[in-house]
Amino acid sequence: MVKVLIVFFSRSGNTAKMAELVKQGVESAGAEAVMKEAEEATADDMLNAGGIIMGSPTYYGLPAAEIKQLLDESVRHHGKLEGKAGGAFSSAANIGGGNETTIMAILQAMLIHGMVIPGTSKGDHYGPVSIGAPDGRVEKQCVALGKRVAELAIKLS
Amino acid sequence: MVKVLIVFFSRSGNTAKMAELVKQGVESAGAEAVMKEAEEATADDMLNAGGIIMGSPTYYGLPAAEIKQLLDESVRHHGKLEGKAGGAFSSAANIGGGNETTIMAILQAMLIHGMVIPGTSKGDHYGPVSIGAPDGRVEKQCVALGKRVAELAIKLS
Amino acid sequence: MVKVLIVFFSRSGNTAKMAELVKQGVESAGAEAVMKEAEEATADDMLNAGGIIMGSPTYYGLPAAEIKQLLDESVRHHGKLEGKAGGAFSSAANIGGGNETTIMAILQAMLIHGMVIPGTSKGDHYGPVSIGAPDGRVEKQCVALGKRVAELAIKLS
Amino acid sequence: MVKVLIVFFSRSGNTAKMAELVKQGVESAGAEAVMKEAEEATADDMLNAGGIIMGSPTYYGLPAAEIKQLLDESVRHHGKLEGKAGGAFSSAANIGGGNETTIMAILQAMLIHGMVIPGTSKGDHYGPVSIGAPDGRVEKQCVALGKRVAELAIKLS
């Protein structure tokens, strides 16, 4: 069974709620979801998954330092994450507050690992954005992200 | 009197409404606002202004081709726009739909011209984003953008 | 046989040379390469391909207006490009001149179409960048891009 | 005398060398340069400067976690950095390796603080990029960055 790692950092709880929704999407596609908070996740967790999804609050238009720390550590597996499926999501305080650039920052790091990123033509194109707590729109987008990345991970495995 | 050029492209009318609000902000700072639709604006208009603000709908996470056309033409004044104040705004169909990357794309082009970009710590940090027609929040953000860029243009002139 | 469309815009000839190298990579993976200059390509060409690779000179940190024009036109097939493999490359006058942001701009548009983007852990991570005419390094990167996108298009078809 | 803070993170020494060159540029403009490594810099250092320049190696297309940590901590002065001049630079292992996106990531964070960013029409438009150790081109770009940000900080103070 293909594993999809969901790594998130959450202080207010909004990103954690999004992670739970992403998990539902991963499982609906028939993959196993592994949830880890950023502080407890290691580069080995990334190595052992077929897909990796990262979520972070929007801190100055970028992922939290805790997420960046994990990405920096992952350099010791550089080259070995090639071909894994990837995705990202973010919660933010307000519209236009840097949420898209936070998601794109994570996706750029994944591209540099040689990972494979699926966009979507419907809704939050780069990845789900929640303004405050997740509402109905965000719920759908998070489930769709989990499903999309898991399905791609299965296809590529 | 310092001139601030406001160039916009608008099909639905939402970006045009935002441009009108930006104009109010420019005038409130004591600068002259010059409004042009992208198709009628020329690189010379850019040369003759102390500040330049560009607005576009979000088309595939980037400004409309009509805005890009003007930026491409502006290469004949490359180096002469150095030190001018710059800003950008965008209307979009949905949250997370590429609005921030549209604004950042315009700002990147302006940085390459050597222009000077002021952000804001309040609200739409890179520039105003309207989801559909401008509401109260967007109105404030647009007026603030016009004021911010005009004030900087006056200081730098 | 899976088709991979290579659309490019080239004035100096550097981007055209890169496109030829990308074509070799596509063919080495056992896919059919279809080459089109941006001005003659249509949204229908995008619809008929299993993979799409776009190349542009770096004009103000973004793809040329001619490439953007094609992306804007492709909205009439919005949703139908979902799941196609995508990639991008750029030629530039100098290092740090906006080449990476040009490539990322194209990739963002592709993500909004729901396309699937493979990065690489080796070399030009987002896509090949040529500073002036393509040298040996760029040749390898371009061939690798064509191969990578074609292989993904075959897997996903 | 206007102070310009230069914060950098450097493991190989390349980013530290760039920081020294940026310092020369700051001083040539008649401002005081304050140099700090990221681990010893605090948000208070940012508050006390008229201009802030940040340098980082390119780690997965983004600044090092140590730089991000400082940006995250700076939230306790959110709003008080408004109007300060800002700039960024990066060293990278290879062309197309994520150096421009590293610089843009720092600049985005600065825009969210309401800082003011000057681009340049000559050379490394967003900020200096060194591929390996700084060569003659990079030296000029670093000195020019320091000068540009210091001059803007003086004008805006």
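By written order: A, B, C and D. Residues from 1 in each chain.
Heads up, the rule we're going with is that a contact is a pair of C-beta atoms (placed from the backbone, for glycine too) under 8 Å apart; a residue touches a chain by one contact, two chains touch by 3 or more.
What you are looking at is a predicted structure, and each value in this text was computed from that prediction instead of being measured.
The interface with the greater number of C-beta contacts, when C-D is set against B-D, is B-D.
Superposition angle, subunit B onto subunit C, using Cα atoms only: 180 degrees, a multiple of 5 between 0 and 180.
In this assembly, the C-alpha centroid of subunit A lies 29 Å from the C-alpha centroid of subunit D. Here the CA centre of subunit C is 32 Å from the CA centre of subunit D. Between subunit B and subunit D, the centres computed from C-alpha atoms are 25 Å apart.
Contact of a single residue of subunit D with at least two other chains is seen at positions 61, 97-98, 101, 104, 108, 111-113, 125-126.
Here subunit B touches subunit A in the complex through residues 61, 94-101, 103-104, 123-129, 131, 137, 141, going by the rule given at the top. Listing the residues of subunit D that touch subunit B in their complex gives 78-79, 81-83, 104, 107-108, 110-122, 125-126, 152, 155-156. By the touch criterion given at the top, residues 59-65, 68-69, 71-72, 74-75, 97-98, 101, 105, 108-109, 111-113 of subunit C touch subunit B in their complex.
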